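Chain nomenclature is as follows: A, B and C, assigned in order of appearance, with residue numbering initiated at 1 for each chain independently.
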Amino acid sequence: MKRQIPLLIAMIAGFVMIVAYFIPYTVSWGDTVIVWFDVLAAIAFVLGGGNLLKVHLKKTSDQVPGWGYSVITIVAFVIMLVIGLGKIGVNPAAKYPEFAWSGKFSEMGSPFWWLYEYVFKPLQATIFSMLAFYVASAAFRAFRAKNIEAILLLATAFIILLGRTAAGPALTGWFPDAIEGLEADKLTSYLMTVFNTAGNRAIMIGIALGTASVSLKILLGVERSYLGSGEE
Amino acid sequence: MNKSNRLWVILFIIGAVLVAGRMLISQSLIGKAYVQAVPVNADEENEDHKWTLYEQSSQTKFNEAVLEDPNQTKYLFSFSRTIGVWIAALLTIFVLSFLIRDNPLYKFAESIFIGISAAYWMVVGFWSTVVPNLFGKLSPDMVRDWAMPGLGIDERVELMYIVPLVLGLMLLWILSPKGGWISRWPTAFIIGVFCGLRLITFIHADFLSQIRNGIAPLWMVDSSGSFDFWESLRNVFLIIGVLSCLVYFFFSFEHKGIIGKTAKLGIWFMMITFGAAFGYTVMGRIALLAIRLEFLFDDWLWLIDPTGKRLEAVISMLGLF
Amino acid sequence: MIEFLKNLDRRWIFLLMLLSVAIPILLQTQFEETPSKLSIAVFDQLEKLEEGDKILLAFDFDPGSEGELGPMATTFVRHCCEKKLKMYFMALWPVGEQMIVDNIARVIKADFPELVYGTDYMNLGFKAGNEGVIKVVLTDMRQLYTTDAEGTAIDEIPMMQGVDNIKAMDLMINISAGYPGTKEWVQYAVTRYPDKITLVAGCTGVQAPLLYPYIPQQLPGLLAAIKGAAEYEKLVMDKYGKRDADGNMDEEGKYFEGRRRMGPQLVAHVLMVLLIVVGNLIFFAERRREKRQ
């Protein structure tokens, strides 16, 4: 029973979405299901926060090596959460001044906004920017023109890297009209619209067929791994 | 002091000297932030309903305003946001310090980021969706009186929303050590909806539409009506490329003979595709680094001033460009 | 020499990358941009619109990709303001709403203060649900959006009168950093209603090659990475930038961000090419030595 009902839920929810795509009368059913889905997606954010707290509280209580950092995570989490949920330092909405809670939680100048602007934003942007360094290191160490496949990959990367900056026109802009098509920027465009499009289109078709078959298997109850293996 | 610690101390001293030197040139604090006071007068008669919002501004505007009227209060120096700029700069450097070696400063910054971002998403999810789209449907009057006075007066109680409420509570049960089966219901619901959505959409947009997009005339004529060799060649390559890549993905036949050769051609097309992906990925990553360095040089160190925020910028002052 | 390069500490490569990006930023180098067909296509789609036409701007990105997408967002908003279009902002990414607020402050409030919230532009804000949100806004927006991001009832907003779903929009712009983003908008909105929804997009370098199969049938225009942003910026500023009496550009600053970022881009790309070349030279020299031995 603990496995049959979830299978039935997945099946009904999925087939409602499919039917709603084809039969106009059932569009509102699909909309209802999808709005519930959106609400659950927001609750999943709460779950994410709860899970983080659970993991780090456990690390702290077990005093595993590096548990001090878990304490920092918990403190940062709790501060941001309390400030955000409590709308601390937020003015009411100008339209509804008599409602103290009507203001926007991320109002400019509020503590929540300050933490976003000066802590969240620089940290997230810098963590992502680190990849520029690693991609350079990987290029130096790992990209070897060992065979024709690797040469094709490297040659394309070169053309794109140069063709999408001022280096392309500077290096190849003098080409005579007869071989104008080989100028770096034109070659880049050709590579992207022909070779890249062809390759990605084939990958896309493959993924589409794979996604459709996996979805159908789940909806028909053939694929059940998402229910876990436990008997409980 | 071991070698590693010595490196850190040297780096710290170099950094501190450079920042101090930069301040010396400027003869004042750098990284200062300014705000513009915007008074909000929500209710003329009630003093409690008047407050001031502070929007981001610049030193240029502040100085102009002071020149005009030394006692002006519209543009102000912001202490809290100046601290913010310095903290943001330090956190940026803490993260970048990982490039030298993993270290406690990086771990500190990373730990803060994990905590803050999880809470950020939770708060956004709560106020933007849970409150209006769940509580607002189950108890519109309560939500209207509490946090959303703008909620339509004709909003009715929609008892159907008990379903996502119950499913949501069951989803949160994952956190409990017992009763793991309870969260299977909402999980099954989420997966079912995803599968239903994707089954149709992927077939429509990424399978059928791609076949349609791929059907192109192999004999192209230009505007004057004569044969266009390059456009025709382009379409021939496109079709050959897609078909040969698909043959490579087709594992029901052994890749031998003509099928093997076609599959090989498919691999070549895909290598070009991956090369393009690599090129574009590099391009993206560098732009992400550029914006961080711009922040350090512009907002913090005041070395450049591309948007005219200040009166001085050292690089332009030294006549370097 | 080869031994030295072979065992080179990767931190030297990091330093080279840092310098190749930092120095052009400090020198504020800029280059002339030649717009590509795809950027011109994006520009033309907006140019085709008339004053008062409705445009949906979905900001599906966050600070992690602002380096690439920020300049696009700024220029898109400027272009919409210049064309006097009615702008509807929304976000599928939790931080996307902050990107909307930033751009409203940066462009509309700073340079177009005459535009009125609720009449000329509005912010629907963020809703959770990824493609689930796209599905709802295709049929009945009010099921999800009872108020705008500021908490005002949706029916009290003048520009929402008669707008039941996004099929009412004359054009849609998506600025996308990943999932959910342009791919989902193409799949769920454009492919379903090809005659009613036209989408142009700006996306990160990582996504750009993956979106090419949709061009042009499902996606008529695409700004690919920072280069696309720089090209589009040039097109918009060439047409709308303020000029002095001699016809020279009289503006600088935020509407030149994309082009400014192409300076570090050039040096870093050349460095990448050199790193690959040097890496391969070491590899082949080593291989030759091994063969000789």
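The rule is simple: a contact is a pair of C-beta atoms (placed from the backbone, for glycine too) under 8 Å apart; a residue touches a chain by one contact, two chains touch by 3 or more.
Given the structure is predicted, the values throughout are model-derived calculations rather than measurements.
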| item | value |
| --- | --- |
| Farthest chain (mean CA position) relative to chain A | C |
| Centre-most chain, if every chain is reduced to its averaged C-alpha atoms | B |
| Averaged-CA centre spacing for the pair chain B and chain A, given as whole angstrom | 10 |
| Rounded Å distance between chain B and chain C, as computed from the means of their C-alpha atoms | 11 |
| Distance between the centres, which are taken as Cα means, of chain C and chain A, whole angstrom | 16 |
| Interface hub residues of chain B, defined as touching at least two other chains | 55-56, 99, 120-121, 124-125, 128-129, 133, 147-150, 193, 197, 202, 205-206, 210, 213, 273, 276-277, 280-283, 285-286, 288-289, 291-292 |
| Residues of chain C touching at least two other chains | 14, 17-18, 21, 64-67, 94, 97, 105, 127-129, 132, 135, 144, 149-152, 209-210, 213, 225, 227, 265, 268-269, 272 |
| Interface hub residues of chain A, defined as touching at least two other chains | 34-35, 37-39, 41-42, 44-45, 93, 95-96, 102, 106, 108, 116, 120-122, 124-125, 127-129, 132-133, 135, 139, 154, 157-158, 161, 164, 192-193, 196-197, 200-201, 204 |
| Chain A residues within the chain C interface of the complex | 27, 30-31, 34-35, 37-39, 41-42, 44-45, 93, 95-96, 102, 104, 106, 108, 116, 120-122, 124-125, 127-129, 132-133, 135-137, 139-145, 154, 157-158, 161-162, 164-167, 169, 185, 189, 192-193, 196-197, 200-201, 204 |
| Residues on chain C engaged by chain B in the complex (per definition of touch) | 11, 14, 17-18, 21-22, 25-28, 64-68, 70, 94-95, 97, 105, 109, 125-129, 131-132, 135, 144, 146-147, 149-156, 186-188, 190-192, 204-206, 208-210, 213-214, 217-218, 224-227, 252-254, 256-257, 260-261, 264-265, 268-269, 272 |
| Residue ranges of chain B touching chain C (in the complex, touch as defined) | 55-56, 99-100, 120-121, 124-125, 128-129, 132-133, 136, 147-152, 155, 193, 197, 201-202, 204-206, 209-210, 212-213, 273, 276-277, 280-294, 297, 303-304, 306-308, 315, 320-321 |
| Chain A contact footprint on chain C (complex, rising order) | 8, 10, 13-14, 16-18, 21, 31-32, 34, 36-37, 62-67, 94, 97-98, 101, 105, 127-130, 132-133, 135-136, 139-140, 143-144, 149-152, 209-210, 212-213, 215, 225, 227, 262, 265-266, 268-273, 275-276, 278-280, 283 |
